[in-house]
Amino acid sequence: MSTLAAWPVLLPLITAIILLFVAKGDLRLARIINLLSVLGVTALALVLIGVASDDVHRVYALGNWVPPFGIVLVLDRLSALMVGLTMLLALASLGYAIATDVDTHGPHFHVLFQFQLFGLNGAFLTGDVFNLFVFFEVLLLASYGLLLHGGGRLRTKAGLHYVVINLVGSTLFLFAVGAMYGVLGSLNLADMAQRVAASPAENHSLIAAASLLLLVVFGIKAAAFPLYLWLPAAYAETSAPIAALFAIMTKVGLYAIVRVHGTLFGSEAGELAGLITPWLAVAGWITLGLAALGVLAATRLQVQIAYLVLASIGTLLIGFGLATPQAYVGALYYLIHSTLLAAAFFLLADLIVRARGEDGDRLEPGAAMPNGVLLGALFFGLAIALAGIPPLSGFFGKLLILHAALYDPRMAIHYALILLSSFVIIVALAKSGSTLFYQTQAEAPSTGLPPQKAALPAVLGLLLAAPLMVVFARPLTTWLEATALQLHDTRGYVNAVLTTPAVQNTP
Amino acid sequence: MLEFILAALVLIGAFFTLVGSIGLFRLPDFYMRLHGPTKATTLGAGAILVVSAIYFSLRSETPSMHEILVTLFLFITAPVSAHLMAKAALHLKLRTIERTQNKEDSSA
Amino acid sequence: MSLLRQALPHPLLSLTLLMLWLLLNNSLSTGQLLLGGFWAVLIPRLTAAFWPESVRIRRPGVLLRFVGIVLRDILVANFIVARRILGPVEALRPGFMRIPLDVQSPLAISLLANTISLTPGTVSCDVSPDRRFLLVHALHVTDIEAEIRQIKSRYERPLQEVFT
Amino acid sequence: MNLALVVLLPFLGAALAAGSARLNRLASAWSAGAVTLAAALTLLPEAFRVFGGEQRVEAWDWIPALGLFFAFRLDGLALLFALLILGIGLLIVIYARYYLSARDSMGRFYAYMLLFMGSMLGVVLSENLLQMMVFWELTSLSSFLLISYWQHRKDAREGARMALTITGGGGLALLAGVLMLGHVVGSYNLSEVLAAGDMIRAHPLYLPILVLVLLGVFTKSAQFPFHFWLPHAMAAPTPVSAYLHSATMVKAGVFLLARLFPALSGTLEWNLIVSGAGLATLLLGAYTALFKHDLKGLLAYSTISHLGLITLLFGFGTPLAAVAGVFHIINHATFKASLFMVAGIIDHETGTRDMRRLNGLLRYMPHTAVLAMIAAAALAGVPLLNGFLSKEMFFTEAVEVGRHLPLAWLIPLLVTLAGMLSVAYSLRFIHDVFFNGEPIDLPKKPHEPPRFMKVPVDILVVLCLAVGLFPSLTVGPLLAVAARGTLQEDAPLYHLGLWHGFNLPLFMSMATLALGVLVYALRQPLFAWHERTLGRVDARIPYHAVMDALGKLALHITRGMDHGSLQASIAWLVLAALSVTVVGLTLYHAPLVGMAKMRPVDAISLTAALALVLATLATVRWHRQRLTALITMGVIGLIVSLTFVKFSAPDLALTQLSVEVVTIVLLLLALFFLPQQTPADSCRLRIGRDVLLALGAGLVVALLTLAVLTRPFDTIAGFFLEQALPGGGGTNVVNVILVDFRGFDTLGEITVLALAALGIVALLHGLRLPMPTADAEGRRWSADGPSLIMTTLTRLLLPLTLLVAMFILLRGHNLPGGGFIAGLITAVALIVQYLANGIDWTEQRLRLDMQRVIAAGLALAIGTGLMAMGLGFPFLTSTFTHLHWPVVGEFELASAMAFDFGVFLVVVGATMLILVQLGRLSRAGKASLPENP
Amino acid sequence: MELVIALTIGVLTAGGVFLSLRGHTFPVVLGLTLLSYAVNLFLFVMGRLAIGLPPIINPAAPGYTDPLPQALVLTAIVIAFGMTAFVIVLALRAKSELGNDHVDGLHIRASDQERQKGGRT
Amino acid sequence: MLAAVLPYAIAMVSFALALSLIRLLLGPDAPDRILALDTMYINAIALLILFGLNLGSALYFEAALLIAVMGFVGTVALSKYLLRGDIME
C-alpha cells in the first residue's frame, strides 16, 4: 500500500484549512501558502506519474478497511495523469490569477481554490462510486464559488444555470448509484465490476438503466450533447484563470466515464461488455457538430473558445467511444492537449480583452492592441493547436483518433464529423484572428493595456505543451499506450483492488 | 392492572391527539382552531410519553424517565408557538366568527 | 464565594441541567454524574451572556404548588375542551380578554402566558408593548370578568410571589 | 540526416530572418538567401546519388503507434520539385529584396517565405504520408500568412482566408484519404504505398480514397470547381504570387498527382475524374484569362489553365502523359515565375497593373519588355521555347488518348481551343502592355527597375530559351530521373526535340498560334460579348453564398440550442435521463419486476403515502404562493422523516428533521428578499411539455424503484454489521460507517458544508437588496419589537437545548445521534436566539468567528486521520479503547469520536455562518437606505 | 408496500421535475428540494424495506436492515442541505444582479414592461 | 393488552395527522397552515412514541425529543415572517 496516493488529496485540504486559519485578510500570506502548496503537489503529481509507470495499481485503503468495505484510493497511470494535468492547470491558473489580481475580486479565492483541487484530485483517485459522488459535490461546490468569484450580471446568470443543472445532475447521480447498489450490493468499483460480471441475466436491464443514467450524469460534467448547454456561458463569463482551471472540469466527466463504465463493462462483463460505447460516439458526433457551428457562430472571443472546448469534448467522446486501446491512446493524447491548450487560450483571451480595452471580447474590428504582435502570434499558435492543424499537438491527437477510427464500422461518420468540424473551426478561427489582429483601425486610439509581464509565463507555459507534445510524441504515446492497455485490463484493476491487504503493524 | 392502565393511557393520549386535530379541522376561525393543537394535542402526546416512560422503565428494569424531557420541552414551546401564531393572525387581522366577544380588543 | 459564583453563575440552572442529563441518559452512574456535572458547569458558563440577570426563586414551595395546580388544570380542563371541540360548534361563545398584568418580570409574564395557553380554553395571543395587558383568546367564555379574575388569582398571584 | 536538414533549414532560417530583421532590414534578405543556398548545397550531394539511380530514404521513429515516422525520401520527382522550390525560391529572395517597399517588414516577409519554403520541401521530400500531411497543411498556413502579408488590405485578408478555407479544407479531405490509403496498404510509407498500387485499386475503399485524395489535389492546384481562390490570392505581394503560383503552392497538388500516380492511376475512375477536372480547368482558366484587365489576374487564370493542362495529362493515365506532365511542370515554373516577376516590375514601376491604362511600355522599359515577350511566347507555346516542347507532347498525348476512348475525339479539339486562347491572352499580355499606344494616367512615371530586380527574370528567361533550344542537353537528365521517380519504373521511350515531323500535333500547334492571333484581333467584340454574358459569372458568388449559408446555419442552430435558457437545459437533461433509462430497462430481455415477494401494505403506510402525495401535489399546485409552498414542503419533510422511522432508520429521521427546520429558516430568510408570489411565466404548451416530462420522470423512477425492490440482493452490509462493534467500537452501525468505515465520505461531506458556507459568504459579499416594506397583500410589516414571551422562553431553552445536543453528540457512536445532528441542534438553538432577540443583541453575546469554528472542525477531523498516518496506518484508521477509571467506571474512548466532534464543529460553524450571514443581509439593506429627514 | 413506496417516490420525482422546469428561482429551489427528497427515499429503500430492524447492534435484535444506504442518505441529506443553501443565496445574488428572479433574468410580464415604459414617458 | 390497543392508538394518531393535513391544505390563511404544520409535528411526536412502544424499541425516542426541541422553530420563524418579513433582524 502506498501512502503516496493519499497526499494529492490530503495536501490541498490541509492547505485549505491552514488558509482558513492563517490567512484571513492577509492576501500576501494566502498567495504564498497557496502557491507553495500548488507547487508542492505539482511536484508530487509528477513523481506519481513516474511511480505509476511501473503498471502497478497502488491501492490505498482509507481507514485500513480492506476493499470492498472501506473506501480506496487507486493510483494508476490514468489517475496519476489526471492529477498531474490538474496540478499543471492549477499552477498556471493560480499564477495568472495572482499576476492579474483576480484573487482580490472577492473573498475566499484561495481557500476555494484549494478545495477545488481537493475535489478534483479526490475524484481522480477514488475507487469508490459513492465517494466519487462526494468528491463531485466537493469539486462542484468549489467550482460554483470560483465560477461566481468576482460577480457580475452575466457571470451570475451563467453561474445560476451551472449550479441548478449540476444540482439536478447530483440527484441523478444518486438515483444511479442507488439503483446500482440496489442491484449489485456494493460501492467499490472493482467489486461492482466483479458483481456485474457475475450478475444474473434478469438483472442486466436494471444494471444497464442505472449505468446509462450515470452516463448522463457524467455527460453533464463532460458537457456532452444534449447536456452541454451550461458550458458556453459558464466558461465564457467566468474570470480567465477560473475558465482555465475549468478546462479540467469537463475532463472529470470523461474520466469518470472511462473509469467507471470502462471498469464495469470491460471485457469480463459478458452480455453487458461495452454497454455505453455506442452512445459515446453518437453523443460525440452531435457535440462536435454543434460545437463547430458554435465556434463559427460565436460573436465573442471567449464564447468561441468555450465552443472550442466543447469541440474537443466531442472529439474525445468519439475517441473514447471507439473504445480500442489504440483509440484510447489518441483520446488521452488529445485530452492532455485540449486541456492544457484550452486553458492557455482562456488566459490569452483575457490578455487580448485587456489589450483591447473598450473593444472587449467582441469579434469586431477594434483599435490596434498594445503589444499586438506578441498577442497575435500567441493567438495564431493557439488557434493552430486547437483547430488541429499541424504542426502542433491538436493535429496529432486528431490523427491518432482518426487512425484508430479506421477500424470502426462507423468510420465514415467519425471521419465526416471530425474533418468537417475541423474545417468549420479553421474557417471560424481564421476569421476571428483576422478580425482581431489584422482588421484593426489604425487611427482609433487604443484603450487597452499591454499584457502584464507576470501573466505571460502562465500562458507561455501552457502553450509550450503544444510543440512539446509533438516533439516528444514518441515517449508520450508509448506511455499512453501502456495506460490504455492498463485501462483495458479490467481484471488487473479488479484483482489489484480486491486483494489489497490491511496494514498489520501495531502502533 | 398496570398494563391495563397503560393501555387506557395510550388510548386517552391518542384520543386527545385526535381531538386536537378534530378541533383544528372543524372549528370555524383561526383563534378557535388554535385551542385544539396547543393543548389537547400536547396533552395527548404527554399521556403517550408517560406510557412510554413506564413501559421502558419496566422493560429494562432501569428507570426510563427521559420522556419527561420531551414533555417539558413541549410545555415550554407549544405556548410560544401558539402565541406567535396568534400574534401573526392578529397582525393579519384574520376573520373571527361573528359571535366572538370583545373583538375590538384584538385590534387594539 | 465569588469564585463559586463565577463557576456557577446560575446554580439553579446548573442543577436543572444535571438532573436533565441524568434523565436523558436514564442513568445514575458515577460516570454520568460526572459528565452531567461537567455540562452543568460548562453550559451555564457558555451561555451566561444570554442570561444577564440571575433568576431568583423566592418561594420554591409556592412554585411547586403552582406547578401542581397547573398540571391538574391541564388534565381536568382538557376533558372540558374535548367536549367543547367535539360538541356543537354553534354552542361555543369565543371571545378575547384583556388581562391587566400585575407581574412585571419578563419571566413571570412569559410563564403566565404559557400557563394560560396550556390550560384549556384560553390561549395567550399578545402582550401589550407596555407590558400592562395580556390579550387572551378564550374558546368558550360566558363571563369574561370572572374568567379574568380566576386567571389572575389562580395563576398570576403565585407567579408574582415566586418571581419578584 | 541531410534530407531532414534540407527541410529543417528553412524553418530555422525563418527564425533567423525574423530575428535578424531587428538588426538590419536587409539582414533578413541576406539570411534568407544564405539559408536557401545552404539548403540547396545540402541537397546537392544527395542529388548526385539520385542521378546515379538511387532512391534515398531517411527515417526515424516518431509516433510508432500511428505508423508515423520522421522520414524523408529523395527520388527523381522529389529532387525535381526540391530544385524548383529552392532555385526559384532563391530568385524570389533576390527579387523581393528590391520589390518590398520601406514600409513593408522584411523580417516578417522572409520569415513567412522561409516557413513556406520549408513546408513545400517537406511535402515533396516526405517519405511518410502522414508526415507529408503535416507539411501539406503547413503550406496552407504559411501561404495564409504570405497572402495576408498586407494585412491592412481587405482583399489581402479575404484572399488569404479564402485560400486557407479551400486548401485547408481540401487538406482535411486528403488527410482522410491518406489515412485510408495507409490503412489499405498497412503503412504510410511511400515506399510501400507506391509498390501496392494493385492492392489499392482492388480495394473497396479505392474510390473513397481516390475522391478524397483528389479533393486535396484539386483544391491545392486550383482545379475546377475549386479554382476561384487563386485569383484572390493575388492580393499578396507579387514575389509571393510568383513563388506560390508558379513553382510551389499550387504545384503541390500536381506533385501529389505525380507522386501517387503509380498507386492510384490506371483505372477508369482516375481517368474520368482527373482528366475531367483537368480539361474543365484548362478551358475555363484559358478563357477567363483572356478577359482579365489586371496583369496578375490574367496570369492567375493562365496558371489555373496550365494546372488544368498538367492535371489533364496525369488524367490520361499513360506513362508518357505523366512524363509530359512532369515536363510541363518544369516549364510552367520557369516562364510563369518570370511573367509574375515582370508583372511585379511593371506594377512596381508604374503603380498599376491595369492593362487598359498600361500601354506602350516598350519605350520606357525595353529590357523588361524583351524578357516579357520571351516568357510570354513560352507561355503561348511558340516554337524554340520550352513551352512549345511540352505543349507538343501534350497534344500528342491528347491525340493518342482520343484514339482509344469513346467520345474522346473531343479532347484534341478542346485542347486546341484552349491552346488558342492561351496564345490570345499571351499576345494580349505583350501587346496591351508594351505596345498599343501611350500609357494612360499612370501614377508613376515608368522606367526600368533596379538592375538586380531583373536578374532573376533574366536567369529564368535564359532557361526558357535554353530548354526550348537544347532540351536533351539541359533538362533531359533531370526529366529522366523525375519521370522515373514519378512512374517508379523506367519511363517509356520519349523524344525531347524540336522536330517530330509533320503530324497532327504540329498542325494543332500551328492552328493554336494562328487562331490565337485571330481571337486577339477580334478582342473588342469578344470583350463586349463576355461582359454581357459569362463575365457576370463569378465563382466567388456561390462560395460566398455557401459560406454565408454556413454562417447563418451555424448561428441559427447555435442560437436554437444555446439561447441562455435554464429551462431548456433542464428539459434536455430530464429528457436525456428519461430516454437512457427507458432504453436501459428495455435493452435486455429481462422482466422488469423481479421475483421477490412484496410486503403487504398497512393502512397507516398508505395514509402516509397518500399524505406525501397530497403534500407534493399541493407544493406543485401552490408553487407560486411561496409561503404556502414552503409549508407544504415542511409536511413532506416531516412525512419523509416518519418514513425513515418506520423503516428502521432512526438516524436518518433525526437528520431529516433537523435539516428540515434549518431549511425552513433558511428559505424564509431568503424569501424576504424575493417576491412572495411567482408570476405565471409559462404558456400552456410549455406546461404541457413539463407535465409530460415530469410524469415520465416520475413513472421511470417508480419503475426503477419497483424493479430493484422486487429483486433479492446480496450486499456488503454484513461486514459492517459484524465489524461495527469489534472493529469500529460502536453499536450504531450507521454512525460507525459515517465516522469510520466510510469516514472519508464524511470528510468530503463536511467539506461540502464548509464550502457552501464560504461560498455563501462570498456570494453575499457586497450584496445589497431592496427590502420590501409590506407583505404580498400590501400590509405593512408589524411594528412590534421582539416578542417578550418568545425572548424569555427561548433564552430559557438555550441551555437545555445545548444539553440535548451534547447528549446526541456523545451517544452517536452507539445509539442514534452523532456529530451532524448534534451540530444542527446546537446551531438551531443559537439561531433561535437570533430569531428572538435580533442579530445585534445576539452577536454581542456570541462572539465566535464561525469561520474558525469550521476550520477547527475540519482540522480536528483531518487531524485524527493524520494521527493514524503518523502511527503507520492509513489515513482515518480509527482506534478505540475501553478505559476503567476509578469512580467513573468503564467508558470508551474512540478516535472516531474526535472525528465526529470535528463534524459537529463544522456543522455548527457552517450552519451558523450561512444563516447569520443571510440574516445580516437585511442589516446591509437597512444601512444603505437613505436616512429619514 | 414496495409498490406504494415506488409510486410515492415517483410522485415526488414528478413534482420535483415539474418545479425544476419553472422559470423563477424559488420554485426551482422547491423543485430541487423535492427531487432531493425523492432521491433520498430512493437511495434509502435500495437497502430494501425493513420494519423494526434498526442497524443498532443489540444482542436481542432479531436482525438488522442494511445500514449502508442509511449512511449514504445521511451524507446525501447533508450535501443537499449545503447545496440548497448555496443555491438560494445564489438566487438572491441573481435577483440583485439581474434585476428580477427569473432564472434567465427575464422580465416576463408584458404589462410590467409597458408600465415601465409608461412611467418613463 | 398494550400491544392490542397500540394499533388503534396509532390509527387514531394517524387519523389526527391526516385531519391536520387537510386543514393545512384547506387553509384558508397562512396562520391556519402554519398551525396545521405545527400540529402535525406534535402529532408526529405521539406517533413516534407509539412506534417505539409497538416495536418495543427505545430507538425512536430521540426523534420525538428532537421534534420537541426544534419543531417549534419552524412555526416561530414562519409566524415571524408573517409579522415582520425579516425574521432575523
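By written order: A, B, C, D, E and F. Residues from 1 in each chain.
In this section, contacts are C-beta pairs under 8 Å (C-beta built on N, C-alpha and C of every residue); 3 or more make two chains touch, one makes a residue touch a chain.
Being a predicted model, the structure only gives us computed values, none of them experimental.
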### Query
What is the set of chains touching both chain C and chain E?
D
### Summary
Common contacts of chain B and chain C, by label, are D
## Note on the structure
Ranking chains by how close their C-alpha centroid sits to the total C-alpha centroid puts first chain A
### Longest centre-to-centre distance from chain C, chain (CA-based)
D
### Task
State, to the nearest whole Å, the distance from the C-alpha centre of chain C to the C-alpha centre of chain F.
22
#### Entry: Euclidean distance of C-alpha centroids - chain B vs chain E, Å
31
### Query
Distance-wise, how many Å sit between the C-alpha centres of chain B and chain F, to the nearest whole number?
10
### Query
Taking each chain's centre as the mean position of its Cα atoms, how many Å separate chain A from chain F?
48
### Task
Any chance you could list the residues of chain E touching two or more other chains?
20, 25, 28, 38, 40, 42, 46-47, 51-52, 54, 56, 68, 72, 75, 79, 82-83, 86, 90-91, 93, 103-104
#### Entry: Multi-chain contact residues (two or more partners), chain A
130, 134, 137, 141, 144, 148, 151, 157, 160-161, 164, 168, 175, 179, 181-182, 187
### Sequence positions of chain D contacting 2 or more other chains
564, 566, 570, 574, 630, 646, 650, 671, 701, 704, 708-709, 713, 715-717, 720, 741-742, 745, 749, 752, 755-756, 759, 763, 782, 784, 787, 789-790, 793, 796-797, 800, 804, 815-816, 918
### Task
Return all touching chain pairs.
A-D, A-E, B-C, B-D, B-F, C-D, D-E, D-F, E-F
#### Entry: Complex contact set, residues of chain F against chain D
10-11, 14-15, 17-18, 21, 24-25, 27, 30, 33-34, 36-37, 40-41, 44, 47-48, 51, 59-60, 62-63, 65-67, 69-71, 73-74, 76-78, 80-89
### Message
Going by the contact rule set out above, which residues of chain D touch chain E in the complex?
### Response
564-567, 570-571, 574, 598-602, 605-606, 609, 612-613, 616-617, 619-620, 623-624, 626, 629-630, 633, 636-637, 640, 643-644, 646-652, 655-656, 659, 662-663, 666-667, 670-671, 673-675, 678-679, 681-682, 690-691, 693-695, 697-699, 701-706, 708-710, 713, 715-717, 720-721, 724-725, 731-734, 737-738, 741-742, 745-746, 749-750, 752-753, 755-757, 759-760, 763-764, 767-769, 814-816, 820, 907, 910, 914, 918, 921
### Summary
In their shared complex, chain D is touched by residues of chain E numbered 1-15, 17-31, 33-34, 37-38, 40-42, 44-58, 64-68, 70-75, 77-79, 81-86, 88-93, 95-96, 101-104, 108-109
### Contact set on chain F toward chain B in their complex
1-2, 4-6, 8-10, 12-13, 15-17, 19-20, 22-23, 29-32, 34-36, 38-39, 42-43, 45-46, 49-50, 52-53, 56, 58, 61, 64-65, 68-69, 71-72, 75-76, 79-80, 82-83
### Residue ranges of chain D in contact with chain F within the complex
603-604, 607-608, 611, 614-615, 618, 627-628, 630-632, 634-635, 638, 641-642, 645-646, 650, 653-654, 657-658, 660-661, 664-665, 668-669, 671-672, 771-772, 775, 781-782, 784, 790, 797, 800-801, 804, 808, 815-817, 821, 825, 828, 831-832, 834-836, 838-839, 915-916, 918-920, 922-923
